[in-house]
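The structure's right below; bear with me while I get my questions together.
To keep things simple, chains are lettered A, B, C and D as they appear, and every chain counts its residues starting from 1.
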Amino acid sequence: MNFLSIFVLIPSLMLLGLWAARNIKQIRAVMVTGASLLMVMAVMLAYLYVRARSAGDTSQMLFTSSMEWYKPLNICYAVGVDGISVVMLLLSAVIVFTGVFASWKMKLQTKEFFLWFSLLSMGVFGFFISIDLFTMFMFYEIALIPMYLLIGIWGTGRKEYSAMKLTLMLMGASAFLLMGILGIFFGAGGTTMNILEIAKLHIPIELQRIFFPITFLGFGVLGALFPFHTWSPDGHASAPTAVSMLHAGVLMKLGGYGCFRVAMYLMPEAATELSWIFLILTGISVVYGAFSACVQTDLKYINAYSSVSHCGLVLFAILMMTHTASTGAVLQMLSHGLITALFFALIGMIYGRTHTRDVRELRGLMKIMPFLSVGYVIAGFANLGLPGFSGFIAEMTIFVGSFENTDTFHRVWTIIATTSIVITAVYILRLVGRIIYGEVENKEYLSLTDATWDERLSVIVLVAAVAGLGCFPLWFSSIIGESTLPVITQLMSH
Amino acid sequence: MEQYSITLLVLLLPLAAFLFLGLFGNRFKPLTAGLIATIEMAATTVIAYFTAFKYFTSDRLADGTFATCIPFDHVWLPFGKTLTFNMGILLDPISVMMLIVITTVSLMVHVYSLGYMKGEKGFQRYFAFLSLFTMSMLGLVVATNIFQMYLFWELVGVSSYLLIGFYYTKPSAIAASKKAFIVTRFADLGFLIGILIYGYYVGSYSFEYSVHIKAIAAAGTVIPLALGLMIIGGAGKSAMFPFHLWLPDAMEGPTPVSALIHAATMVVAGVYLIARLFPLFIGYAPDVLHIAGYVGAFTALFAAVIACVQTDIKRVLAFSTISQIGFMIVALGVSTSTDPHHGGLGYMASMFHLFTHAMFKALLFLGAGAVIHAVHSNEMKDMGGLRKYMRVTHFTFLIACLAIAGIPPFSGFFSKDEILVATFMFSPVMGYLMTFIAGLTAFYMFRLYYNIFWAKPCELKAGHDGHVHTPHEAPAVMTVPLVILAALTCVVGYIVPFGKFISSDGSAYHIHIDLKVAVTSIVVAVIGIGIARVMYRGASRKIADGLERNFGLLYRAAVKRFYIDEIYQFITHKIIFALISKPVAWFDRHVVDAFFDGLAWIAHVAAAKIKGLQSGNVQSYAVVFLWGIIAIMAALLFITFGVFWLL
Amino acid sequence: MNISLDTVIFVVLALVIIVFSVLTVTTTRILRAATYLLFVLFAAAGIYFQLNYSFLGAVQLMVYVGGIIVLYVFSILLTSSRNMDDRTVKVPQSRFWTGLISAAVGFVICAFLILKNTFKEQVFEYGEVKMDVIGKNILGMDKFQYLLPFELMGLLLLACVIGAIVIARKR
Amino acid sequence: MVPMQYYLLVSTFMMFVGVFGFFTRRNLLTILISVELVLNAVDINFAVFNRYLYPEHLEGMFFSVFSIGLSAVEAAVAIAIIIVVYRNLENIRVTGLNKLKD
């Protein structure tokens, strides 16, 4: 039994535990135990990983193991982690943990909610540990399906519509993905589904030209690639808090991770050749999301468009195809995951009290709920890339990396992308100025209370993570950096 | 190097104070929190002075310069293999000088704030932010590389934002803080791109140019571009035209904050940036430097003109600050070489002026704060005749006014004189222009002075407690910093050996007064003061009103600050929001999203139609079945008999 | 062209079939439809007789006319109630025309085929099929003999009878 | 001797009348009656082909005999079903019979 499988095992055990749980206390106990255990395991994995690396283990993936489970297509349950997966697992663990606390007061069908939530976590963790294309795809689907129910049942607003839209668009994307995966599998000779082994083989360039866009698109939709991002605003706006957190925080990262790990890594020639198309799209995403966020009136929409912008930056950086930029991309995934989860958690908490997310109605929250407001301001600063928070290091790494491309095309798009940091400042400050500051206008709000302990815990953990990453980036940056190198080498060698 | 290890505390102490007060501040009584911050600040000041003392008394190198010390320099964030983002401490004459300026003014402001902010809600928060600002500003000046500078540059921006928006329930304060942050951030975009270009071509962000001299030389033509972009960032922070518009609005913050951030320290960051990059400018991009100088000169003139007609005393001071920073930039901009004797004088003059200006401008602001504290208004019309009530404030304010007007023996005279000398060396036209602006400065400062302390006695207003109360002198905790700063203003001009420590090439330079220039400037200043005295000293404002009437258009334009704010409003609201964001959002909802909704709709409709076929009605099935057979038969007939089988 | 008796009988039978089959499907009363069907079936039996398949004609008369139609009449009477007739429900125009056109087109194509196709040479041998031949063929097991289908038929009928009872019996 | 085509035309006509009836009628019984028309038309065809084209064999005739038998079976079962339906739903119009579909 491989150590990594524990990340799939724990959510499965949580499912069992929830199934057996009889009342809300037991449900919470199961969730907290499971989520904490996941966090501990993620930290331990990071520790083991670093120890193995410093002991001189230079193989690309550590803790690998492979178990065949469908011979005719050579499908294996193959797992393994490198630095990118390790930090992604850490991110997922943190967000699952805080998500549990953010949905502490879930009333409606609590058990079912957490059942689906655990299943979703299982998919996410499974995705990050797998190195077999098919297993990866399977976990991806596992993560996708619970979304529909979670939004459709526990959501707010136009939840059926949003759930349907989100699921359909992502399922459409996964159809592309399946095509891409099969293309890669057969293009590489049909002998293996293992990413590491495929990387050593060569896929004919004609096939790469067909399957690279398909695969990239398949993952890119999940990474909110323009113009396939429209599921994001509606989906996030309707989803319950913890689901928004997990979805924007982790699930959207599956897109960037997959683009990098599968599309770019396995089809380097086509990637070099065709990156410009997607570069234009992602560049548009970055600026477009930021501009759209400026005039939204729903807090969650603002954040969703902001996510479009920031996740666009992830793909943008990946496509820049330099070592620094791709390191920055992973940092940005990490950073955006934490920040956006923090945002959604806070928005959920504010909404739970005021029952509105309309920025035109909220005002003077600082006076009523100082803790949440300060959290919101911090999240805002982190989002606009203030030094000391994770956004800054990620964005700077991306921009420095992007600048390593000397041709005019890349330069121009880099400069266009940098303007997003100003636009981000515009909408964040507008928002903070409008809802946090000012006098309380609605007298009914005066009786509202500040965060309770469970909410405080989840906010504090996230803020600490954001600030920790922002103040001490060296460790993360270096373990990510050494893991992005093989992919970049692969890209450069062609 | 180890001897400067203690300097690290200069950064860590304020940071600790910020975190401590930020997290636990509300557990303490306001005054306790304030005292904690103030004591911490005093400790920081002591360390900074200690460092400065040690540094300036250390042995000079063989070429007569002070060694640049880098006690700390650690990789903070690696970019790829070679390029790294370091964090560290760099000590050289200007950074050490800045340490002194910042800690001195900051300490004064801390002490002053204990009195000024008494009873305000959020007292703890205020001190936490002050500590944050101090930390960031100190981090900025001791940065070892341009990226670290950028990092702290952003942090001072945000602490400025937080402090301007301190009264967060006041809409104007919120708007002002937002404006300040966004305008400077927009400018910082230029700075960032400049850094990116520089870093890529030079392969390092470090300020130790000598190490990378080859790479810099190889980079060639992109260096001026990079430097030009960086100057944009500097212009944003230092409120140079056209980024000046945030500074007057920033006066919405508490007055001590204006003194610290928006007069003495943060706004001179742009000047400091140019000074930091000075060798590069001289070596590779003198033209860019001169352009900056012209912009500085224009800004100085522009701001001085506006300052002459503003009625809000803090705004007058704000425009005066802009104008004075313009002076500093001009001084740097007219430099043509690193030799202080031939064209490099401006560097020293600029730093000198930065130093003296910090003192007297902080004094002016704190004095203004005391006045505002007494009359509860920012408007000149609510003041007048205050000299009787507030003797200490009056006296110290007068000293500061004389200093800024350039009257000997106060400090401003010396530094301004050096600037004028440097300017005349560069071009006489520029020199006369700057002298004229110096005169204007004297005029508007004394307009301010006479309006506050002389003129008609102010109307005594009923306070909120119902009874009329006379303006009274501020408490000792506020006047003491005033007196200290006034004393400094009197004496720092005599640090004649200033040039010994700081000069463009690092070697000692003996400051001497150019009599011709000095006399001219004094005469001009005195004329300015005289006009102001005639116009504003008395209770009647006949001349002033007459002038306002006769130059109506110009006057109104100046009062409206030449409509730059309106243009800004137009750009942000009309262009960014109405012309870009709204259409983009509309496009997103009605085109992109509608496209996918349309796809779903098509699928839905098609499904409904196909579902209709599957009705469960056998008769319908039979019809389709029959037609199927007919079609097959027709096809077979067609194959057998061809098209004309009917015939 | 001489008109033989055969021809006359055929014309009469054909007219009966055509007229009454049309009436069968167009009448609005079910009982009448069943009656018209009865005439059509009679005419069909007549055709069999004309073709000298007396056995077939007899079967037709016995099973159809004697059995099935009686079954129909009973069931009609059993299920009839006031609103059961098609009179109460008008056939929608669209459905009527769809049916008519479909049927007409089908008919035209089939008629065309019949008239256009060149068949094998036609012979017509007068004379009955001998009963023993029929019996031998039904009960034989050689080529062109049909014991197996006959047995199957019997089984089917049995199954049907049981099935009908099971389905229709009162619960 | 009447040419074979005439028989065929008559039976074809009968069949399509039956088809028309099947399409347009609403009552289960009348639909069944229409089906009887179709079946009879086919039976006639078998007999005619047998008589005119292959007089030496008897396949057509036997097929017709079996077909008649099958019709009897079909009619019996169908009517049984119809009666049950009627008993349960008081209705044997096809438009009313959609309980299974919903």
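Keep in mind that, in the parts below, a residue touches a chain if its C-beta (ideal position, glycine included) is under 8 Å from a C-beta of that chain, and two chains touch if they have at least 3 such contacts.
Keep in mind it's a predicted model, so treat the numbers as computed, not measured.
K.L.:
Taking contacts as defined above, which has more of them, C-D or A-B?
P.N.:
Comparing C-D with A-B, the pair joined by more C-beta contacts is C-D.
K.L.:
By CA centroid distance, what chain is farthest from chain A?
P.N.:
So the chain farthest away from chain A turns out to be C.
K.L.:
Taking the mean of the CA coordinates per chain, how far is chain A from chain D in Å?
P.N.:
The answer is 67 Å.
K.L.:
Taking the mean of the C-alpha atoms as each chain's centre, how many Å separate chain C from chain D?
P.N.:
Roughly 6 Å separates the two chain centres.
K.L.:
Chain A to chain B: how many Å between their CA centres?
P.N.:
36
K.L.:
Cα centroid separation between chain B and chain D, in whole Å?
P.N.:
97
K.L.:
Please list all residues of chain C that touch 2 or more other chains.
P.N.:
95, 98-99, 102-103, 106
K.L.:
Got the chain B residues that touch at least 2 other chains?
P.N.:
619, 623, 626
K.L.:
In chain A, which residues are in touch with two or more of the other chains?
P.N.:
none
K.L.:
Name the touching chain pairs, would you?
P.N.:
A-B, B-C, B-D, C-D
K.L.:
Touching chain A in the complex: which residues of chain B?
P.N.:
By the definition above, chain B touches chain A via 75-81, 83, 85, 147, 151-152, 154-155, 158, 161, 165, 168-169, 171, 174-175, 177-178, 181-182, 185-186, 189, 192-193, 196-197, 199-200, 572, 576-577, 580-582, 584-585, 588, 592-593, 595-597, 600.
K.L.:
Could you list, by residue number, the parts of chain C that touch chain D in their complex?
P.N.:
6-7, 10, 13-14, 17-18, 21-22, 24-25, 30, 33-34, 37, 40-41, 44, 47-48, 51-53, 55-56, 59-60, 63-64, 67-68, 71-72, 75-76, 78-79, 81, 84-86, 89, 91, 95-96, 98-100, 102-104, 106-107, 110-111, 114-115, 119-120, 122-125, 129, 133-134, 137-138, 144, 146, 149-150, 153, 156-157, 160-161, 163-165, 167-168
K.L.:
Which of the residues in chain A end up touching chain B in this complex?
P.N.:
Residues 164-165, 168-169, 226-231, 233-234, 288, 291-292, 294-296, 322-324, 327, 364, 366-367, 381, 385-388, 392-393, 396-397, 399-401, 403-404, 414-415, 418-419, 421-422, 425-426, 429-430, 433, 436-439, 473-474, 477-478, 481 of chain A touch chain B in their complex.
K.L.:
Under the definition above, what is the set of chain C residues touching chain B in their complex?
P.N.:
95, 98-99, 102-103, 105-106, 109, 112-113
K.L.:
Which bits of chain B are touching chain D when the two form their complex?
P.N.:
Within the complex, chain B touches chain D at residues 616-619, 622-623, 626.
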